[in-house]
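Both complexes shown next keep chain A, but they swap its partner, so chain B is in the first and chain C is in the second.
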Partner chain A sequence: MTATLRSLLRHETILAILLVIVLAALATQSDRFFTTANLLNQGRLMTEVGLVALAMTFVIVTGGIDLSVGSILGLTAILLGVFWHNLGLPLPAAMVLAVLAGGIGGLINGLIITRFKVPPLIATLATLALYRGLAEGISQARSVRGYPEWFFVLGQGEVWGVPTQLWILGVLVVIAAVVLGLTTFGRATYATGANETGARFSGIGVDRTKMLIYTASGLVAGVAGVIFVSRVSTTRSDMGTGLELDVITAVVLGGTSIFGGRGTIIGTVLGLILMQALKNGLALSGVKGDGTIVVIGLVLILAIVASNIFSREGDG
Partner chain B sequence: MLKRTVALALGLSLGVSSAVLAATWTGGDDLPTNPLACDGTAAAPVAKPYDGGEVTNQPDRKGKPIKVVDVPKLIGIGYFNATSKGIAEAAKELGNVDVKTDGPTQANIDQQISFIDNYITSGVDGILFAANDPVAIAPVLKKALAAGINVVGYDANSEPNARQWFVNQAEFNGIAKSLVDNMAKEIGEDGSFAIVTSTFTTPNQARWISEMAAYQEKCHPKMKWLETVEAQEDNVLSFNQATTLINKHGSDLKGIFGMTSVATPASAEAVTQAGQCGKVAVIGLATPNAMKPYVDKDCVKSVVLWNPVDLGYAAMYTLRAAADGDLKPGATSVKAGKLGDLQVINGSEILLGAPYTFTKENINDFDF
Partner chain C sequence: MQPILALDGVSKSFAGVHALKNVSFDVRPGEVHALMGENGAGKSTLIKVMAGVHAPDSGEIRVNGEVVRFASPREARAAGIATVYQELLLFPELSVAENIFLGHAPRTTMNALDWPKMRNEARRLLDDLDSHDLDVDARVGSLSVANRQRVEIAKALSQDARVLIMDEPTAALADADARRLMDVVRRLRDRGVAIVYVSHRMPEIFALATRVSVLRDGAYVGTSDIGDITEAELVSMMVGRPVDQLFPKANTEIGATVLELRNVGYRDEIENISLTLRAGEIVGIAGLIGSGRTELALTMFGITPATSGEILLDGKPIAITSPKQARDLGIAYVPEDRGLQGLIKSQTIRENLSLSLLDRISTASIINRAKESSLARELIKRFGIRARGPEQRVRQLSGGNQQKVVLAKWVATEPRVLIMDEPTRGIDVGAKAEIHALMSRLAGQGLAVLMISSELPEVLGMSDRVLVMNNGRIVAEFARAHATPDSVGAAMMQTQTLAEVA
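And now, the complex of A and B:
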């Protein structure tokens, strides 16, 4: 256990060093990169991916995956519009119901995975199509617009000088870090991913753990959906398309093993910041969009390879 | 059990996403129409006050070199390659514009917003855009205006107050006139025709059909309207619908309008396979690449769309004029190099001009 802990720390140390190098390099490339306004703005842009990445860390630590998060985000966004605009519910109620709908989407994932023993990759691949199809079917390709001013505070406003949604992300980062790192539930999560059979025989409620985690993943995707609608002031059925890939990249870059049993929230946050800094900093230095994707791919490989070389166990 | 669950889930999702609306509507939409004059004289522009946005604290850019970024809906497709070619051409002619095209590889609202946001931070002087969503892009464009950046749209508009000007590629009545005039030329003033459209409720198509009906009544009153059929934007369905039209109406059918870029080539294919080339004319909205085989075989004589190279070219000239302060709210026209003076319509839009008709002579000059 201590050996695993050490290798975890190693990956995060490498990542932190890499992040500092990248930030320094990008700051020399463009004098507009390392400014408070830009950094806060980047925080705003990465919140949706960040929120979902927190839950995804839990999912991947159990050895699972959730490909449906982008579709849940899209479905939540559409439902928010439908509840408020078509059914005439008050907007706060619509927001709560939409987030709950996201949670139900996650709960269904959890049920399919635990009750019917469908591998998470297949189950969430199916619900990725299912939820996106529902979003498109419900919306009939029409968008809902004209939200009241106060709603935009969530996605476009500021509280004490910091983008509103960054506060939400901050609070959830702390909660996620505490739950995964310090609670029995967190240990059950690691045990499930490290050795599921062993965990079952040790009396850990593996299925209950998984159900809770997939439901939380759906809930958080729902929250991200509401924030996204507020940020762009409209709902569309194609919202969040491809989000799952950005999220999984950030989590894996953060050192969470895709085979389960390893990973930390700190690592995910570092991975997230590194990715966003690269996207933004490279664009400011005049690199075009296609070049940026190439660099992010290279950094991902580099970080994983470096962590494997330095980790003596070599078990990653 | 596993397989059944997955199959059920996939089946459900496919079923929902391809849910088909049955409708019983038979013409255009019910909005008022505004047919153009038969001889093509431009309609007097309806006076409408400027409704575009204002740039805050714009520095004096008159005649000075400016840095411009073009963010289309997506990059790497023929259509937007053509617009950015036009933009680059105009920038070269102007001589004082440094322009580059950059954007998402998928038509994704979130990525497009991030691209524009980053370019605002990097400090460009002007932004050209083709919006993936008119409302979603508005906050970031307003941010650009507030940062003193000139903003001009083309191809796909945003909310008017989020940009200064929008270059409109074609008005509904302009497209309608061009389609009906070409049909009358091919099948004669007393020919009968049918229409293959997407669905009766698709806004653009319904608008075009209404304008076509109004223009045909006004300028080609003897032409006969047989029927309008729905074909989604589905290749096979469009082909089947066109084949049904040919069989059903026989020699009465002289022409088919294709209202979508899918319906037009599919109708041309149906006419070809029925051996009716030269007997049934096909005219429609479509991209040149899809129509080249039929145009080369003389089965289709005219394809109507706009010229995307000119569209980009006009957008660049409009942005330069706005940056120079030559194009102010209330102006009635803007100088756009080789395209001459372009008219200002609808308050803050620049009309590219009459739609472009692709024929055998010019279609091979385009690749999109």
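And now, the complex of A and C:
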């Protein structure tokens, strides 16, 4: 194994050890935690955050951020209801259109960031408000219910004993890991984040790379939106509020540098599982909601500090 | 005369690696003692030992004959030893006077800052440096590099420095500014300041220094009075072997025109540029910083696409609108700023070498890692890049080796036109000679090379043809035989008037 891969895996190794400790500790705290049913159910609950975190890993590796993902999720959820219920489109068509609308939301982010050179934090902070406002304006505080039974397979059903959406997450994890780790596009992503000018001067299409990544971020937020609606059986305009914070926490916990240029999909997946395990396990052990947030915050700091201490090598 | 600062048998190692081995060095009042050596020879470490940044593991430091131990740079400064580092440590948002007196500003009896005194003192210090035109209230961020450097020197002198250590003070300066800086150094020397002067520029050393000392691989090689040594001897002391030729320009057969520019312009930065580059030819561009040299390169490479005129490749008109397109057309650019533009310093040598040709080592977008590694190993060997291996991070390499990585990564794209912007800036003589030899060999293989350089000897030594830029235009063209320091220098310096020289 190469030196680069080793130094990149270092954070992931620490995280994996931490995860095992946490799982073991939680299993001793509550006998309802370490059961197949509970674990699969947790997988179901973390899928939306997980999907968005995959694209967010790319975004953060380029040195950017996408705060608008929660709002895009909310907007696509509303649009799904509007397309199907109000416009009378067939549900499959409405699903596709809603996801595409999410992609357009991401494309707009990309355009603002690359064409007008607005820092991603500002650009997506603005569209966070914009898309949420649109969602609320369109929905007029009405929720859409009464979806057909087959639609709930996506969010509530199972395939071969595993929640449907976990299969989708699994497939996308593999695709994202391959794209980021093994392809020219992944290399362009890392180079852009590590030194944008240097990447541009090396003939990398930096703007194209970013456009694709922000668009993909919007698209998966759209997919997550549709799954969310299917899971909770209803459409409301406040869906996905605050999702971006969970997503960013999972990605950063997974070792992706917020300054860009560093990060892996494996790390993000570990970060995601660790976060979900803590939320669920602590709740089962009787810790209240605010307590859980405190613990997640502490774990985040601990993981970052630990990996900073152990990965000094290579910074000469 | 007794040395004011003397180091005796100083050794220093970092994590088991010897940076300095038993080095002795001294400097006397009123002399300029040049310190030379290739990158990684230990110059920086030696400077930092003198400046109190590093404490030596063994050996002693004497100031005026008394043994001292500096626990911090502050103590070294208190002993009268000031250092002007290569990277200037100024605060861009503060004024010139504030920067000069930062940390030791004069106070009134009420212990408030004594602004009038501070400004007057700053004025006096700058006047001493012959910088009457520098406003003490100017924001440092608005100053040129040359002026910032004067502020840094004034800051060093504001604490009554008796020893001034200067680390490559002219590396970032254009010729005119460098000459002015050298006048400042002479003035300080004549006032009795002892100056330790680090530079890679030979002419400067011979013009300024009283004595010169050479380090190699952390060891002391020798000291000589400047009158007793020739440039070639000095170079071989640094490199440890005789260097055959300073500019190994081979005579190559010059082929057909590859790239032609006709009246190319970009906004108001460059105007009416017409030039031809032929296979096997090295064309040098001379000109002061700001004459439009780099702007021309950026236009040819598609960073700032031409806004007027025509560009022809093999006689066919083309438009170059992005670096990616330039690369695909066979135009490579080894940029001026290695760290920012040329390399991804946090990545490995392998990743840097493959970045411009990822398409060629991948199938259906999946990078072939075996191919990538063997490409990297081959390039490391072919370009003589001194590194532990392809997985070493580029930021750990010396300047010369970093430059070889940039050059290798672009040559690997098999370009037809190679534009090199300041190809040897800030790298040591050994690496410099290797880069010149490479350049010559590449031209011999039929590449059209366009070389931009601030070093006139390099332009004159390497080019088949010399173009002179001034004020965004090409003002003169010389064949190799007619390019002399006087003729080219005159064209570089002339104001406005356009000369038509054959």
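Please note the rule applied: the second predicted complex is superposed on the first by the 306 of 316 C-alpha atoms of A that agree within 3 Å, B and C clash if a C-alpha of one lies under 4 Å from a C-alpha of the other, contacts with A are read in each partner's own complex, and residues count from 1 in each chain.
Simple rule for what comes next: contacts are C-beta pairs under 8 Å (C-beta built on N, C-alpha and C of every residue); 3 or more make two chains touch, one makes a residue touch a chain.
Since this is a predicted model, take the numbers as computed values, not measurements.
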item: Which of chain B and chain C A:182 touches, first, second, both or neither; value: second
item: Which superposed partner A:191 touches (first chain B, second chain C, both, neither); value: second
item: Partner chain in contact with A:170 - chain B first, chain C second, else both or neither; value: neither
item: First (chain B), second (chain C), both or neither touched by A:236; value: first
item: More chain A residues in contact - chain B or chain C; value: B
item: Which superposed partner A:199 touches (first chain B, second chain C, both, neither); value: second
item: Footprint of chain A on chain B - complex, ascending; value: 1-2, 5-6, 9-10, 12-17, 19, 21, 75, 100, 102-106, 108-111, 113-115, 117-119, 121-123, 133, 135-136, 138-139
item: Of chain A, residues touching chain B in the complex; value: 30, 32, 37-38, 41, 45, 112, 116-118, 122-123, 126-127, 129-134, 136-137, 140, 143, 145, 156, 228, 231-234, 236, 238-242, 279-280, 283-284, 286, 288-290, 293
item: Interface residues, chain A side, partner chain C - complex; value: 2-4, 178, 182-185, 187-188, 190-191, 194-195, 197-205, 261-262, 314, 316
item: In the complex with chain A, residue positions of chain C that touch it; value: 301, 303, 322-324, 326-328, 333, 335, 340-348, 351, 354-356, 358-359, 362, 365-367, 391-393, 395-396, 409
